[in-house]
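For clarity, chains are labelled A, B, C, D and E in written order, and residue numbers in each chain start from 1.
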Amino acid sequence: DPVRVAVAANFLSPVEVIASAFEAAGGEPVEIVSGATGQHYAQIINGAPFDVFLAADQARPARLLEQGLAIEGSVFTYALGRLVLWAGDGHQLPDNGFAGLVDHPVTRLAIANPRLAPYGRAARDALQATGQWQALQPRLVEGLSVGRALHYLATGNVSHALVAASYTHARGRPGGAWVAVDPSWHESIRQDAVRLVNGPNPAGARAFMTFLKSAEAQTILQGFGYRAAGEVTEP
Amino acid sequence: MNIPPVEFDLALQRDGFALKAAGVVPTGVTAVFGRSGCGKTTLLRCLAGFEAGCTGQIRHGDVVWQSARVRQPAHRRRVGMVFQDARLFAHLSVRQNLGYAYKRRRGRGPDWHEVVAALGVEGLLDRWPAALSGGEAQRVALARALLTGPALLLLDEPLAALDYGRRREILPLIAGIPERFSIPVVYVTHSRYEVLELADRVMLMERGNIQAAGSVSEVFSNPDHWSLLGNMAPTVIWDAQVVARDNDWGLTILATDAGRLRLGGLDVRPGQSLRLRLTARDVVLVPGQPAVSSLLNTLSVQVDEINDYPRGVVHVRLRAGSGAVLWAEITRQAAAGLRLASGRRLYALIRPQVLRINH
Amino acid sequence: MSLSAVWISLQLASVTVIVLLVIGTPLAWWLANSRSRWRVPVDALVALPLVLPSTVLGFYMLILLGPAGPIGRFWVAATGETLTFSFTGLVITSVLYSLPFVVQPIRDAFAAVGRGPMEAAASLGARPIDAFFSIACPQSARGFLTAAVLGFAHTLGEFGAVLMVGGSIPGETRVVAIAIYEHVEMLEYGAAHTLSAGLLLFSFVVLVAVYTVNRARHPVLLR
Amino acid sequence: MNIPPVEFDLALQRDGFALKAAGVVPTGVTAVFGRSGCGKTTLLRCLAGFEAGCTGQIRHGDVVWQSARVRQPAHRRRVGMVFQDARLFAHLSVRQNLGYAYKRRRGRGPDWHEVVAALGVEGLLDRWPAALSGGEAQRVALARALLTGPALLLLDEPLAALDYGRRREILPLIAGIPERFSIPVVYVTHSRYEVLELADRVMLMERGNIQAAGSVSEVFSNPDHWSLLGNMAPTVIWDAQVVARDNDWGLTILATDAGRLRLGGLDVRPGQSLRLRLTARDVVLVPGQPAVSSLLNTLSVQVDEINDYPRGVVHVRLRAGSGAVLWAEITRQAAAGLRLASGRRLYALIRPQVLRINH
Amino acid sequence: MSLSAVWISLQLASVTVIVLLVIGTPLAWWLANSRSRWRVPVDALVALPLVLPSTVLGFYMLILLGPAGPIGRFWVAATGETLTFSFTGLVITSVLYSLPFVVQPIRDAFAAVGRGPMEAAASLGARPIDAFFSIACPQSARGFLTAAVLGFAHTLGEFGAVLMVGGSIPGETRVVAIAIYEHVEMLEYGAAHTLSAGLLLFSFVVLVAVYTVNRARHPVLLR
């Protein structure tokens, strides 16, 4: 059996590179399933057979542990993510950065679903913290995951999007310009990984988790704009 | 009233079937007769304008319905059509079906009340088509077609689906249409009885062609057509005129080309005309003027032609009165006893069958 | 949120059915009567949404209707608004998606009327357009009923295409099918149950009604 | 060969229609005659086992097909049925249609080659049903029903859809079935001509009931049934036997209850039996033995009863020979001339129509 | 990934059609011939997936087939595997989802055969089951073809319910409709285009073929 990894949409590009490195280093083949953190969580609850869950938050892996669906002691924070404001091709970024969004010609602003995707939640928090949430409400478009939010931008259906910084490093990223969102406007995006009870390949999962912690993997994810979290296990 | 005839000269080509038909439909009932598949329905559909592939000409008096250049669509021809299956509109009541036609009438047409009364559909007006019997539905369809004020009425075997009793009910209504509403009627059938009882003229069709056309008595009395007509024995049709009634005996005196005939059992008035059928089996030949017999009608005849026939039967063509032709079927033995020979004078005892009475 | 989703869905379904009846009726008539060699391909085109994944339809609609797409660009130029993520965009998508459900029953009803009554009407002096409205349409009443009901119910049930084109904007494009999906993904099973059971019941009742009306196989029409 | 009869006593209730019919079907052809909607098809469907709501009993000899306790499904009754619309299987060739029946035959049945030859379908074996004409399809359907080896053959207006020529082709084939294949045949029709030409026995149906049953001559000669039969004039049916042929004159000598008759135009052998029809209009009454006439058959008759009739016509019932009944329609004037009175002796000149020849 | 998705979809569609032909044929026969008062509700039940949002079906299937659901629990106890997110679970869901597309054409074909040929067969000594196989089925050949094609194509196009019940496990439940959806998420438009165009073309060709075969309205059967 391959190692089946459910990954939060923001981390799809890095995990593809990491998986190749893992396989190159003699690891078993890795199968990747991307989606919003909340979607993965709901599927795991309903019996989805994943070996590893790379979430975009800490809450859902923790809940899986409580429910006995994740393996005790396997949780660790593999990355700290960041949010960027992206202006699509032919659109401008606000002159005074993220906080100026509300006065800027934004036709539509795509975010991930705040209830399913941690990046969506961070986007909402940041908009609220800067007092722009109410005013932008009529122009907001929700994608189920942060990947879908970016997709709306890529197809030209929205002018701006609030997405993961990792996309600025992704292959096939859409054109346009981006600017980082000050992380102080939202809770930090701490992304936890966990091994799952129902996975068909526990040994492979363990090997993959070990590799994820390796310097090689950490270097890869830093290359996508994440901050490495080292081997920080949840207190 | 001067009713213009409909003249046509049409052709239609289908896989394995070609229609090529020319003719005139004057006022009165013109029957179109022929066996299944000979093209009767197709001819009607061409006249009505339902066959896109039909070429040729149709004129109604001076009005051109179809020619090389003109082609009036069906709804512009003043043609009323009654289809074999009535085709009442199922979503409309009888009254609404008739109203549908009445609202769309082209030119002057017969009066609503007159048509409704003539076809006896007053009592049906508030019924739905699904609740009508076959005979009732056909009467409504006929009324509906009449109410559009057609210049030509086409009837496609309107009685084929009906049983004996119901046919007897509707035939006289149809026969009365031309005079009552001043329009020619084309009546398609494959029943020779219906032709004889109903039609003034007949067109015999065979494989897409009109083989013969003319008055019913001409066409049906012509030996060339007997096989097509399915006759079992030689048959002639005579037209007769009511001359007088003999009230003492309840007899009717008729004038025919063969001379005067007396018939019982008729309810007619002087001046009316009748159609009589005389098959060779209805004729008894005797050598001399007979004593009283129940047949009563004795004609002096002259032998014209003798056709010997296998199995002991002889068909004799006879002439009576002012050249009227009749046939007798007799055994060979009787032929010998009568010393039959061309030119011989004999007496014929006859009782023709009354087919039709024109009121 | 749920109530607004229900309301949006009902609006969308109603508008879609009205649009489809208007454009679907002539199309159905043509399909029922044409002998053109284009009839079969057009018939297949109309049936395509029956078998096509809604994500394929959604994908193409997103591209076509987006501000950069051929239709969307024109729309933006003409109205200043984008078609995607708008109710109008959903209507266009739904019209395509539900097309076969409206066109096919009407087409079959017209075909069942057949040439007979139309010829009879012509022989009574009715022009073709007159016969169409006075004969073909009333005699197809049942087909129209089936079409309207199926089109309405199917639009109500639309998910994949709307998910891709609509963007789940509350009060604008978050229809009930998407609301159910989101409720399930958020593990809000109570709300998902309420909406699903409501839709299930509604669809079932509607279908029973339509089948009861249509059960009488002999040609008694709705009067 | 001893062929057991089928006995039935059945009832069926529908909205606005009730069938209540009992009877026996012996060997030979039994016609079921009645107007549209009287229940003919329903009776056949009950016998075949297609009507779930049908109660009562059916026995074939000692075998019970239906009773209060037993109810054999259609496929277990040894009934062959030919439906009005042939119902050949469209997805099978003619050969396969026949094979379908042959493979499923119940009990001993007629030989494949015999049936195929008798119905003249050899040439059709490799055709598809859609490519058959109406008459061909009916012949195949008949062959198919025979090949199952039925104990009873039910034919539901098998000729109704066919034209005159095609009917003439099939009628003799049907008439020959009982003798050839040793099974009783029930033949539904609303044509009295078909009854007269084909049937040995007849059941007259009216509104779900069998009004009369018996031999064709009994039932058709009974004045009570004339209106149901649609007769225009009194008509009797006589059975006759070929006694001899007079080869000099090509005449056939027949023995009837009325005495000997001579008829021309027949192709028969001594020993064969014939059915003759004599309507009141075929009878000429004369006071004394006539001189030679083309009719030839002169019967000495006695007046039995005189029914005066409006409009100058009188119907006279006559007895001839050993009690045979015949009727004459004569005018009132002729009646007076003949001094008609009950008991009076006269001479009747007749020429009956030959309806049917049993080979 | 795309090729495996196509392969999964083809497998799923084939298995679903086979299962549906097996269970749908007797059901269609019953619907075509029954006079039971249950016929109308059952007819409506069969048609339900036509009008029900696939997310409603997906939701109920998730609940029923999930490890805690009545069917799923039983399945886990019996086989040790979960039904959700498995190929078997997808087959069950697809069977329900595509039910009307298979049952309705067969039902209509059986109804078109009518009682006539069946009575004729009985009068020739064929037992009911014999007549069913030797007459009703061959005469309904065209209905079976339509059913198989529509069922296959519709299963191929399934999205919402499959997404909810199957997720997107590569090589197991990631069917082509979902693959298209995910390609879009991964910004792989080229792949999305290829798959969408392929499906579009395939569906269209299949529909044209079916309509061409069915165009001849007169009852000439497939031989």
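Here, a residue touches a chain if its C-beta (ideal position, glycine included) is under 8 Å from a C-beta of that chain, and two chains touch if they have at least 3 such contacts.
None of the values given here were measured: they were computed from a predicted structure.
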| item | value |
| --- | --- |
| Common touching chains of chain E and chain B | C, D |
| Chain whose average C-alpha position is farthest from chain B's own | A |
| Between chain C and chain D, centroid-to-centroid distance (C-alpha), Å | 61 |
| Where chain D and chain E are represented by their mean Cα positions, the distance between them in whole Å | 56 |
| Interchain centroid distance [CA atoms averaged], chain A/chain C, Å | 38 |
| Centroid spacing, where centroids are CA-atom means, of chain B and chain D in whole angstrom | 30 |
| Touching two or more other chains - residue numbers and ranges from chain C | 184 |
| Where chain B touches two or more other chains at once, by residue number | none |
| Chains touching one another, given as label pairs in label order | A-C, A-E, B-C, B-D, C-E, D-E |
| Residues of chain D defined as touching chain E within the complex | 48-50, 73-75, 79-81, 83, 85, 87, 89-91, 100-101, 104-106, 130, 144-145, 148 |
| Residue ranges of chain C in contact with chain A within the complex | 62-63, 66-69, 82, 84-85, 163, 167-169, 182, 184-187 |
| Residue ranges of chain D touching chain B (in the complex, touch as defined) | 35-36, 134, 163-165, 190, 230, 246, 248-252, 262-267, 281, 283-288, 290-296, 309-313, 328-338, 349, 351, 353 |
| Residue ranges of chain E in contact with chain D within the complex | 116-117, 119-128, 130-131, 134-135, 138-139, 141, 219-221, 223 |
| Chain A residues touching chain C - in the complex, by the definition given at the top | 36, 38-39, 41-42, 45, 107-108, 110, 113, 115-116, 140-144, 152, 155-158 |
